[in-house]
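Here chain A shows up in two complexes: once beside chain B, once beside chain C.
Moving on to the complex of A and B:
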């Protein structure tokens, strides 16, 4: 079940230009407020242990207080200016995006669409996001049902996905790696099993992945997979799922064209392997109760065939 | 009210709470196995709501609009060409009907068809009122026609009304 044990979500991450900026601002705040805290505590201790002396020192105290208020105002103004500068830099960080991505959240999965001016260069995938390192990506965020929130803590900040509204976020990844992303707004029963697998890779690797994603689904390699393809296109599967290159063209569930090339099934619920594919189709309500994938009645042979076909969709 | 009386009232209120029934969400289609599956589906807010989502996903609105009808007949009135019971509507969805209603038997599962039937009946406010969706997924500016009282037809403009009275 623990599909993402190899990655750690860290809000203090600085693997993206945006998260590095936020981390930098956070460090400034942490250091300044820590110094102020220590100063206040020291003053308090001094006041506690100071022995009361006879003469009145009202005048000296007043000038100390006025000085302290002045210092506080200056610190607050400094932090305000720092926030403004960092915010400005965040806004301009991906001013000229080289990659346009549209992510639509659904209960409980991510529909990822790589946009392009050339219609034939547009493709859809689900529950995974590939980004080339060092390339500013602009992501448009939408929701189909309830409020979700897009959050890859290691790379950038958090942005809500609100039905009927478009939000956006920019990510410029700085380091290659695999990052876990999690829906960050409670969105119903399976909110916890709504993960997005983010892969940051070299430009060459990304170009190769993109080229592979643009290809239609592979032809079934054997008789069993052929039977599986006939079931997927002829039965209930094709009403909701797309397998590019076949007649299956439903738009309301994850695109299955390159299903087996992903690392997980059902938004991080199960690891991708033959046993889990079969288990998922046999009873989708067991590993992820309440999700919208219905149980389609298949006999053992049909289940084996559909599993073999899905496994061949690389 | 004495304190004893108040305690009794609180106890009675607590006991009354025990009568409250929390609806169970039935993901594993046990409603299909129930003897009266029609009532089991349409008396369950979860099934009606799932039916509403399927209504959009399966593009029912392409012909029936959001209940008002278009190329297909309206679904929010009380007229049924092929029967308005849960079983009849589910059969209509699964096997299709003459004059254009396509069969969805190989497109959706049987319990999805029953969920859809429950939502279709909800459009004309037939199921239990507490099972009806609190809000529609699509904007709707009329109540189900079955809840409307028939009103006498008014003339197009007040001027014409005046003239007729003269």
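Moving on to the complex of A and C:
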């Protein structure tokens, strides 16, 4: 597919084993349907513009109709079988996962948990997904509230996340890069602002990232950040958010332990930088109205402190 | 096929009683009282059909304005034109209005007007139910739109997936309004479906066997049966939703052993047939227009009929293709893939037969035919993208993206609205007695055709590039900006074309060229009635011996005599052969359907606020229905009829 379509959030980017398979199937469909379309339009043009002679050719046209039905039936049967074969291929591609991840959707953010047999190797993050290139990952999908849909178009098709049910998807990324994913099932007011950043990186880089994620939050590097930590653990923040290694251990909002290492804030709403952190803390309802984070009244000094602390959570 | 008159005192039509005196006598019998009272109590299918059509087009305009607001918002990234809450109401209202208040009703409306004329009968079956259905439909539409204006418009999508639409995540009355509007339109659609089915099966002109029915009639027979089988699913679903929301049941609450996917099954068990409930009447229009403007009978009549029936059956085996991403078993999906693919076979048959008819005929490319050509070019694209979406792996990428938005607008606008606009142009003389302007008609066609492609073709690319549906905005830098802007420009051009079309209709209604009975040289019975038809439709009931009666009897159509003139009476014929069977009275005008619709409206609307309204509100409904069905003192002794 052309480079024009290949962006960081595109089904035409063949960046995963699954999406590449689907692209192959899509090419088959595109070619076959294009040929059918051209044939229909040529017939139509001929019918419209042909020079008329007297007699009717109804008998011949009826015979052609029989042939036409046969041809369409065969084409459709072929496409159906192609679908089944590719679907089988996709099912087999998922057989040997080497990485178990659980993602739980919430209005309107993603809770990401890297599972492991060792309890000490389990960690949580939010609104971001890191995957090692070439390693089949198996992702369990759940929802805490309404139906959402998990979809990283560059890597694979989508799966719904349905409350009370458990779905799963397998992804084998083939190419390193930063991809964007976005909720694909209408999930309420801020459906448009529910993105997930996906980083596909080398195994070494992934191992390093994983090791970093497993560490508790860094100690505040300076006085201002210390004040910020005191506010985060002492005020409302900690009743919803977790910062591992501190007393903040709320479970209903994104884990903030390595907040500043992410690409974006609030599920893709704002890019990660100091000004945006401050803007978000100052009034979370302005950039993403209706989200569950209340505005916590802070004075200018406190705002700078919280911003400095969050910025230090790498 | 002249009937032997049985001895009686009643005045009957016949060779001795025809022309102007008959016209006057029939008018006296079949006309309604003038004024508002008469307007509210009329049972004339043509009047009800006309007001149905006009109302549906008003909703098309309203839904179209919402579409333009959506496109204006999406023209640029991070646009602040519309806030998210309003946007979600707007796209929900757009879909709901177009599907429930425009597309399905407008096809019903065309059938209510046309079918009795095409069948050569004096009125639709159950004409009071027909009047009732219109008022109920209107009330449902008004409820939805008044709520929207008051900022209580539904905002959970036209599909209202639970749990988002359930009591926990959609508090307030917005979704209740949606669900109750569904109840209104379901009642209206079911009523019309029953009328149409009965009219088609029992009121065809003598001699019009099933195999001689016009293809639009066949399409409506299939569609009406589909409505009867599919609508109860959504009536049930919306009833369960209301009960979850208002009474505290847990049908869809997965934490109390309900199931949120149950909603999707019930909704799409209706929702997918609904697409064909909209599309098949349009194919009926196309068949009629192609036949008339190719000046030859349709090639492959039986194949088209089989295609209609086949589509009607297959339509009930496809609904799961809306749910490929929900994680149902793969083996089950394989079946729905095959069924979804298979439905293109009947569509392909119809397309072939139309093109073959044009090929073999002597086509005239007047405006209705242009809409048909535009329909074929556009609809086939939608059909082929539908084949792509039937494939599970492809659907998992394309589902809930703008690719799907493109697909179903190609199918619904290209496949249904284009033929509808052609049909309005074609039957305009029957509605108004005048022809629409040909020049303005061509302008509106070309602008609509080009505007449509510019608006919707780019959406295919947007979908592949990962743009999900139902987002109130998007970020810069994802490659979507230009395509969205182009799409918005196309949408406004398309809207302008529709304004020109409607302007043409309004102007032509008053000052268009006057039409005689059969201005296009068509072959169906509706063209034997005057333009516009007299209240009684045909002076004598036509007798039919072919599929193209007006072409086979250019001098004078054979007719049947012997219907009473001083009472509303029509001929009931047998189901298959259309042999004259009975003379049957047709209901007189009455105010009670209107009163009943008011009582039903009061009950439904207040039930949004308290479940007790169902109990209390049932009393006036029962009273109105009792008055409606109060037995008449029938002085007329039934007589055997006609051999």
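FYI, the second predicted complex is superposed on the first by the 269 of 314 C-alpha atoms of A that agree within 3 Å, B and C clash if a C-alpha of one lies under 4 Å from a C-alpha of the other, contacts with A are read in each partner's own complex, and residues count from 1 in each chain.
Please note the rule applied: contacts are C-beta pairs under 8 Å (C-beta built on N, C-alpha and C of every residue); 3 or more make two chains touch, one makes a residue touch a chain.
As the structure is a computational prediction, the values presented were derived from the model and not from experiment.
Of the two partner chains placed by superposition, chain B and chain C are both touched by A:290. Of the two partner chains, chain C is the only one that A:90 touches; chain B does not reach it.
One of chain B and chain C touches more residues of chain A, and that partner is C. Of the two partner chains placed by superposition, only chain C is touched by A:184; chain B is not. Residue contacts after overlaying the shared chain place A:252 against chain B, while chain C stays out of touching range.
With both structures placed on the common chain, the touch criterion links A:80 to chain C but leaves chain B unconnected.
Judged by the touch definition given at the top, the superposed model places A:219 against neither chain B nor chain C.
When the two structures are aligned on the shared chain, A:240 is found in touch with chain B, with no touch to chain C.
When the two complexes are overlaid on their common chain A, residue A:39 makes contact with neither chain B nor chain C.
Taken together, the two structures place residues 145, 289-290 of chain A in contact with chain B in one case and with chain C in the other. The residues of chain A lying in touch with chain B in their complex are 145, 234-236, 239-240, 252, 285, 289-290, 292, 294-297.
Those residues of chain B that touch chain A in the complex are listed here as 25, 27-29, 50, 53, 57-58, 106-109, 111-112.
By the touch criterion given at the top, residues 83-85, 88, 156-157, 161, 163-164, 169, 254-255, 259-261, 296, 299-300, 303, 325-327, 330, 333-334, 337-338, 341-342, 344-345, 348-349, 351-353, 355-356, 358-360, 362-363, 365, 373, 376-377, 380-381, 384-385, 387-388, 390-401, 461, 463-466, 468-475, 478-479 of chain C touch chain A in their complex. Within the complex formed with chain C, the residues of chain A that make contact are 1, 4-5, 7-12, 19, 21-22, 25-26, 29-30, 33, 36-37, 40-41, 43-44, 46-48, 50, 52, 56-58, 61-62, 64-65, 68-69, 72-73, 76-77, 79-80, 82-84, 86-87, 90-91, 107, 145-147, 149, 151, 153-154, 156-160, 162-165, 167-168, 180, 182-192, 268, 289-290.
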